[in-house]
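Some notes on the structure that comes next.
Letters are used for the chains, namely A, B and C, taken in the order the chains are written, and counting of residues starts over at 1 for each.
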Amino acid sequence: MSNITDLSLSELVSNIKNKKLSSQDVTSEYIERSKKSKNLNTYIEETFDAALKKAKEFDSKPDLNKKLPGIPMAVKDLFCTKNVKTTASSKILNNFIPTYESTVTQNLWNDGAILLGKLNCDEFAMGSSNETSYFGNVISPIDKDLVPGGSSGGSASALAAKLTPATIGTDTGGSIRQPASFTGTVGLKPTYGSCSRYGIVAFASSLDQAGPMTRNVNDAALLLEVMSSFDNKDSTSVDFKRPMYSKDLSKDIKGKKIGIPKEYRVDGMSEEIEKLWDDGKNYLKDCGAEIIDVSLPHTKFALPTYYIVAPAEASSNLARYDGVKYGFRTEGNNLIDMYEKTRSVGFGDEVKRRIMIGTYVLSSGYYDAYYLKAQKVRRLIKNDFNNIFQKVDAILTPSTPSSAFKIGDKSNDPVSMYLNDIFTVPVNLAGLPGISIPAGLDKKGYPLGLQIIGKSFDEQNILNIAYSMEDKINFKFNLKEWWMNE
Amino acid sequence: MNKDYLIERNGKKYEVVIGLEVHAQVLSESKLFSTSSTKFGSEPNTQVSLVDAAFPGMLPVINEFCIKQAIKTGIGLNAKINNKSIFDRKNYFYADLPQGYQISQYKDPIVGEGNVVLDLASGSKTIGIERLHLEQDAGKSIHDIDPKNTLVDLNRSGVALMEIVSKPDLRSPEEVNVYIKKLRSIMRYLGTCDGNMQEGSLRADVNVSVRKQGEDKYGTRCEIKNVNSIKFMQMAIEHEANRQVDILEEGGKIDQETRLFDTKKNETRSMRSKEDAHDYRYFPDPDLLPLEFNDEYVENIKKEIPELPDQKKSRFIEKFNLSSYEANILVSDLDISKYFEAVIENSDVKLSSNWITGELFALLNEKNLEITESPISAKNLSKLINLIKEGTISGKIAKTVFEMMAEGDKNPIEIVKEKGLKQQSDPKELEKLIEKVINDNQDKVKEYKSGKEKLFGFFVGQAMKVSGGKANPQLVNEILKKKLK
Amino acid sequence: MSIDLKTVKHISKLSRISLDEQKAKKLETDLNLIFKWIEQLNELKTENIEPLSSIAETKLRLRKDEIKSKNIREEILKNSPDDNKDFFVVPKVVE
C-alpha cells in the first residue's frame, strides 16, 4: 500500500471498511504530517489529542456503516465547533469558544468523521488570497511565495499538502472554487439552500454556502452527500430529496448540452486559459456531450453587483461583534467609545473596508443608487442563467482568470484583487451549484481549473460531467514537499 | 359637545396634533424568531437562547402563531391584510440589541391601513391606522444596580411586538386616553396582547406637533420615545405641546427630534444630538424570505375572530335596549362584558346593567380589584337581581344584602333567608302594620285629611320604619291611600 | 459620485469603527477607486426590474409556537468579556 496520506478520501473509507486500516492509523499519519507542515500556516487550532482519542474510541467499536468511518478531517475556521475555539480568522473572535456545533460539521461527525483542527482562512471569509487573516497568510504548498487563494486558503493548502484527506470550506463569491483552482484540487459550491448555514459565521447571508474540497470528484460527491441536509434551524435551507451523489456518480454524459458563455472570454485573458477552456470543450465532446455557444449578457456586471450586495449584508452581519457578548473587547470611556475601539482594533483592514462599503451603500440617500440597483441587476444575472438553462444542461468556464499569484502582489489594489472572482461570483449571485476541477498547468507550472455550473439542485449532473472530464484530463501534479520539517 | 383641546397663548389658539406608534407585545409562548419563553419577570438572562444573544452563525426561524396574532389584530382594526410582507433589518448599535440590528418590517408590513372608532363625549370619531408590523423587542439595560456599569438582561430580546402606527388624527390627551383604551380592549378581545402596561406589554412613541387653529399644514413634530402609561402619555403631550407653543410664540423653530419624557420632572428633553442622527440602513433580512400567505389563510383566521367591542356594543343597544353610554361601559373590557352577559342570562337586563355599573363598579373601585377578581360572582349577582325583580326584597334591602355578599361571595337567597330580610308583601300583615301607624299618629292623620297631603310621605316612611325596611313599598302606598281616604 | 473625507468619517461613525486621520485618508482613496469601478452598473437601465433579495428556492417556513430553549444563562454568559454571572456588562449608559 502507498502512503496513507496519498490515499483519496474514498480509498481511505474503503480501506477502513475492509479493515485494512484503522482510524488510528489514518489519524496519526495525518497528525504527524500536519505537525511537520507548520510552515504553511494552515491550522489556527489543532485538536490532535482529541482526534486520537476519538479515533481510538472509533476503533474499539467501529461502525462501518458510516459514510466517513473514523476519517480525520480539518475544517475551515468559519464553522462553529462545540468547545473548540472558532475565530473566523479574526482578532475580534480570537478567544471565542462556541457551545454549539454547526449543522454541516455535525453532519460530518454523525457520519463518523473526526475533527483534526480548524483551518486558517481570510478574516470572516473576506479575501481571495488568505492574506487578510489575523493569524497570518497561508502559504501554498506549490511555492513558498504563492497564495493558496481564498477565502478557504487554509483548507485548500492543507488539502493539497495532504494534511487532511478532504475538507470543507465556504463559498460566498468563489471562496471554495478559486483556491481549489489555485491548488490543483476539486472544490464544489452547492446550490444555495443545499447545506445549512446554521452555525457558520456569516459573511453574506444570501450568498454563503458551505461545500466540499477534495482531491477528486468522487470524494466531492461523497462529502457533499454527508454535508447536505435539510435544516429547520435555517429558514433558507431547502427541503428537497437529496440524491446519493457518490452512489449515483456516472461517467455517462452522452447527449448532455454544455453551454460556453462568450462573455467569459474577458479582455486580457491569457492564451493558456483560452487553451485550457478549448481542451475542456474537446474532452466534453470526446465524452459525447454537445457544445453550444451561449450568452450571459450581464456577466460583466456581476462583480460590481457582488461588491454591493456582499458588503451590505456583511456590514449588518458583523454588527454583532461589538465587544459585549463574546470575543475581544477594548475598554472605552463610554459605550460608543468601547464599540468604536473594539471594532477598530478587532477587525482587520479588508473587513473594515467592506463594512464601510456596506454601510455606505445602505445609508440614507444611497440605498436606491447602490443597494437597490444591485438587487435589480442581480435579478438580470439570475434571468441570464434561467434563460440559457432552457437550452443547456450545464455551463463550462474557466474557474479563474489566472493561476495563483504571489503573496503581496494584489494586496494594495483592492479592485484587481476583486477581479480574481470574476468567473465564480455570478454563480453565487444566482444561487447555482458550481464545481472547479483541476484541468492543467500554466507555463510556471501552477495549476489551473475549469468550472462547471449547473442548474439549481442539479449537483449530480455537474458532478457527473466533472467525473467524466477528470478521467480525460488525467491531471497529475507532483508537489515537492519543500515545506516539511523533519 | 366637548370643548376642543386648544392651547391659548397671547390671544392665539393652537391645535395639538398627535400620532401614536403603539408597541404591543404579542401574546405567545415563545419569541418571534427563537424558541425561548416570553414569560415576564424571570431571573435575568434565563430566557435567552443562542439566537436571542446573536451568537455567530445563529439564524432566525419565525413563529407562525405570532403571524396569526398580527393578522387577527389587523382584522380587529378593520385593516388591509397584506398577503406578502417583508422582514427588514433596522441597523443600529445599542447595548441591549445583541444582533446590532432589529428584525422589523419597513416598506412592506403585514397589515396596512385600517381604523379604530372612538366613543368620545362629543360623539364618535374615527382614527386612521397607518399600518401594523411585526418586530423584535430589544433587551433591557439596567442603569441603577451597578454605579459604574450598565447591566444588560436579554430576557425580552426577541419577543414579538406589533407596532401599530396611527395617522396623526388625535387632537387631545383625552383622545389619546380613549384611543389607547380602545386598542387595548380590541386586542384583549382578540387575545393578541394582554395590554398590561405595568409589565411593558403596551408602550408608545408619541408624535406631537402644534399648529395655529384653522391651519392645514402640520407643524414639525417631535417624537417622545417609549412612554409606558396613559397618564404619562397625557402629561408628556401637555408638556410637549406647551413647549412647542412657547418656542413658536418666541419666534423660534421646532427641531424635528426624538425626546424623552422625564416622569419625575414632568418634562420632555432631547435624547440625541442632531449630528448623531440615526440612519437605520433598512434592508431585507437575507436570513429570511418574504412572508407570503393566500386569502384562504386569512379567511380561516377570520373564523376565529370573536365578537369585537363595536359589534357587541351594537348588539347590546339593539337587543337589550341599553343606552350607548351604558353599552360602551359594558363592552369596554372583555371581562366586564363577559360578566354582564353571564348575569343577564337569567336576569333583567336593565337592572343588571344598573347594578354592575353602579354598585359592583363602586365596590371593585374601592377594593382596587379587576372584574375577574370580583368578590361577587355573576351567578350570585344574578340571583340578587332576581330577588329584587320578583319583589322578594326591596332595592334598599338589596344594597344591604350586596354588602354581605361582598364578604365572600355568599348566596343572596341564603342571606335573605338567614337574616329574615324577605320583603313583607302579605296585604293582611301590611294592613295591620299600617293601621298601627295610623293609630299612633292620629294628629298627623287629622292634618292630612284637612289638606296637608305632603304628609303622605311621612306615613310611608313610618310604615317602612316599623317593618324594618322590609315592607313592600308599592303595597304600602296602595294600602295607605285606601286607609287615609 | 465621489466620496469625501467627511463622508468616510460619517460612515465610520455609523459603522462604529474609529479611524485615525491616516486610515481615513487611505479609505477615502480606496473607496473612491472601488466606487468608480462599481458605478459601471449605471450603464444598465433597471427601472422596471423587480429587485432580487432572496435566492433560496423555497417559501418561508413557519415554526410552531413552542418553548424549546431552556435556561442556558451560564452558556450564554460564558464567553462574555466581563465575569458577571447574571448580566452582560457595558460601560455606563446615560440616557
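Going forward, contacts are C-beta pairs under 8 Å (C-beta built on N, C-alpha and C of every residue); 3 or more make two chains touch, one makes a residue touch a chain.
This structure is a prediction, so every number in the text was calculated from the model and none was measured.
> Taking the mean of each chain's Cα atoms, which chain ends up nearest the overall Cα mean?
C
> Counting C-beta pairs in contact, does A-C beat B-C or the other way around?
When the contacts at A-C and B-C are counted, A-C has more.
> Hey, how far is the Cα centre of subunit A from the one of subunit B, in Å?
Computed value for the inter-centroid distance: 58 Å.
> Where the CA atoms of subunit A average out and where those of subunit C average out, how many Å apart are those spots?
23
> In whole angstrom, what separates the CA-based centres of subunit B and subunit C?
41
> Where in subunit A do residues touch at least two different other chains?
Subunit A, residues with two or more chain partners: 96, 99, 206, 232, 235-236, 315, 319, 322, 324-326, 335-336, 339, 359, 363.
> Could you tell me which residues belong to subunit B and also touch two or more other chains?
Each of 50, 53, 61-62, 93, 95, 150, 152, 279, 281, 283, 286, 288-289 in subunit B touches at least two other chains.
> Which residues does subunit C have that touch at least 2 chains other than itself?
Each of 14, 16, 53-54, 56, 58, 60-61, 63, 72, 75-76, 88, 90-93 in subunit C touches at least two other chains.
> Enumerate the contact residues on subunit A facing subunit C in the complex.
95-97, 99, 191-193, 206-207, 232, 235-239, 298, 300-301, 304-305, 307-308, 315, 319, 322-329, 331-341, 343-344, 347, 352-353, 355-357, 359-360, 363, 369-370, 372-380, 382, 414-415, 418, 429-431, 456-457
> So in the complex, which bits of subunit C are touching subunit A?
Checking each residue of subunit C against subunit A gives 1, 3, 7-8, 11-12, 14-19, 27, 30-31, 33-34, 37-44, 46, 49-58, 60-61, 63, 72, 75-76, 78-81, 88, 90-93.
> Which subunit B residues qualify as touching subunit C in the complex?
Residues in contact with subunit C: 28-30, 34-37, 43-51, 53, 61-67, 86, 93, 95, 141-143, 146-154, 260, 271, 276, 279, 281, 283-284, 286, 288-292.
> Quick one: which bits of subunit C touch subunit B in the complex? Just the residue numbers, please.
Going through subunit C, the ones touching subunit B are 13-14, 16, 53-54, 56, 58-69, 71-73, 75-77, 82, 84, 86-95.
> Going by the contact rule set out above, which residues of subunit A touch subunit B in the complex?
80, 86, 88, 93, 96, 98-100, 102, 197-202, 204-206, 232-236, 312-313, 315-316, 318-320, 322, 324-326, 335-336, 339, 359, 362-364, 367, 371
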